[in-house]
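Structures incoming, each one as structure tokens.
Shared between the two complexes below is chain A, which pairs with chain B and chain C, respectively.
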Partner chain A sequence: MEPLKVVVSGPVGAGKSTLIRTLSETEIVDTDALTSEAIGKELTTVAMDYGTLTLEDQLLYLFGTPGQERFDFMWDVLTEGALGMVLLVRGDRPEDFPQARRQLDYLLSQQPVPYVVGVTRQDQPPVWGPEEVALYLGQPAERVVGLNATEPTSAVQPLVRLLELMLQEGAA
Partner chain B sequence: MTKQEQLQQILRELKQALPELRSVVVASTDGLPIVHDSADAPRVAAMAATALGLGKRISQTTELGSLEETIVRGREGYFVVYAAGDKGVLALAAPSGANLGLIHLEARDFATRLAQVL
Partner chain C sequence: MAIFGNFNHMSLGDLLPLLSVQNGALEVFNLEQHPRVTLYFRGGLLRCLYVGGRPADPLQARSTVSRLVSAKRGCFEFAPGAPVPRCPDPLGWPLDQLLLTTVTVQDEIEGLEQLLPHPETVFRQVRSQAPEDERLFDFWRRAQDLLQAGASARELAEELGMPLDHARYYLLKLRQSSLLQPVRARVRPRGNGSVAARLLDSLKRRFLGGRQAWNH
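For the complex of A and B:
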């Protein structure tokens, strides 16, 4: 099977770098810089994250984007040739949902590929569940998955769902 | 002098030392413009931070030692990005005939001075 390039995107602090760190079976590439804004963390991705993962004999190349919209030029660079996309959003920060929706619309307009929305921080209530976020974003329920990006068995769920959807769409 | 005035002063001196520069942008390592003379500063600042961040990582992964600078060379000129300490980025645009050796020499000095203020 050909390796599959998957882009992991979403607003700042959604857990993109954490997800790739949690899942990668090879040494990751990260590009963290000190933050100068109050975004609730000390480091932020300025170029990309990269990791690899094998799922049911399928090799996945995971490319993480920066979260801030000022780095949107990297979204274009990294989505080039992508065959799938995972858009993460923090379930405990509904104020991020509009940006998540904008970003999803933009990325899919550039690269119409199979995608899954991952709602992070499911282990830290109060938090919006995947069904609620699916309603908010106007997405079908099967495209929205809840997860905790720090926990391997949970972090892998959006990618498992992505592969299932790709198989269904390929068969259809 | 306020921090901003000191940075403006360093920017002026840099442009005096290297009059051939087309533009100069000083940004934070997370891509926000701090002082500059560029109309397109927000975008250039973000790209400079990306170029520096990726340059550092490439340098580390391919065992080149610590990063000196990232250079983009086009047919019409250069875009060069230096680290200014842990928090700052110094980005310069210069025409293709520019003396790159001299630019490096001056820019590294100025990057050190910027780092002390930042």
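For the complex of A and C:
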């Protein structure tokens, strides 16, 4: 059975590496480097994060894209041919929403990929809820789900929603 | 009186008040990666603008003036009394408003950097109503055919001969006016419905103990 790929995308600090670390059953491979500009953290992903999940003998690759736009060529490389995409954005950082929208619009106009949006930090109010973020992004409410990326039962919600929507749309 | 110099030392913004009381042509050359520009003034109005020896339409003229306003390199020389040539699309822009308009656009672009769409994102026209704003209308008119089929800022900038940031700016403004939407690449059915169902069941068992996850 051929492995399938799920891509986790979103702005810097959205929780992509954390989500993959929480869900992966293997040690995640990351490509962190010291940040060369002020982006609010010391290390950031420069190529990708990589984790795995095996479900009923089906191997799922979990790929996290770099958040910085200067690595945007990696977004396409990683998203092409993916089973689906989860775009994460931090609910307590509305200043990141424009970048999330730009990234989402770009990826969806380039790649025919099923997707959901995950709004992280739902456990740390004050935080934007998924309904409000859906309005900002111009997305249907069912496409946007709230989560805490450090908690497995919560971190899995975007994947669950993605598969549910794929089933509903018959696009799986 | 001779008016000449270099944008190193004097910006177009400094020049315009002088030119608003002159009739003639301002030649601008040695610009960085840009052909020679000629601006024709008469009666306090910018009547016509040529880029590389060809008349510019209003959209291209606006982008060119904006580029000149922010240019750090380039020589200029004013030819008093030079006649206004034939111009298929006469401009007639008052010089006192021209600077304000172009500086506002440039300032706005810098202020909106975080909001501007990705250069490769494809947008498509979703309403046929033309925008009321004059600047948006010029862009809309020139870009309409391309936007009906779907076009990115990079394609529009190349086709319409304007700076990429300006194309991104206009796309943002038209989107905010609900005239455009980003195009979604069409998801191809994989014809493998059982995969999602199988993965979903397995995910729920593994992480949720089989609980229903919808609307959590």
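Following the convention adopted for this analysis, the second predicted complex is superposed on the first by the 161 of 172 C-alpha atoms of A that agree within 3 Å, B and C clash if a C-alpha of one lies under 4 Å from a C-alpha of the other, contacts with A are read in each partner's own complex, and residues count from 1 in each chain.
Basically, contacts are C-beta pairs under 8 Å (C-beta built on N, C-alpha and C of every residue); 3 or more make two chains touch, one makes a residue touch a chain.
What you see is a predicted model, and the numbers here were worked out from it, not measured in a lab.
When both complexes are superposed on chain A, chain B and chain C fit side by side without a clash. Judged by the touch definition given at the top, the superposed model places A:30 against chain B, while chain C stays out of reach. Shared-chain residue A:74: touches chain B; no touch with chain C.
Note on chain A: of its two partners chain C and chain B, the one contacting more of its residues is C. Taking the Cα centre of chain A as vertex, the centres of chain B and chain C in the superposed model span 70°, given to the nearest 10. In the superposition on chain A, A:48 contacts chain B only, with no contact to chain C. After overlaying the two complexes on the shared chain, residue contacts for A:113 are found with chain C alone; chain B is out of touch. After the two structures are overlaid on chain A, the closest C-alpha atoms of chain B and chain C sit 13 Å apart. Comparing the two interfaces of chain A, the one with chain B and the one with chain C have no residue in common. The part of chain A that touches chain C in the complex is made up of residues 4, 55-56, 58, 60, 69, 72, 83, 95, 98-99, 102-103, 105-106, 108-114, 145, 152-153, 156-157, 159-161, 163-164, 166-167, 169-172.
Chain C meets chain A in the complex at residues 114-118, 120-122, 152, 182-190, 192-193, 195-204, 206-208, 213-214, 216. Across the complex, chain A is touched by residues 28-32, 42-43, 45-47, 49-54, 56-57, 61, 86-87 of chain B.
For chain A in complex with chain B, the touching residues are 29-37, 44, 46-48, 66, 68, 70-71, 73-74.
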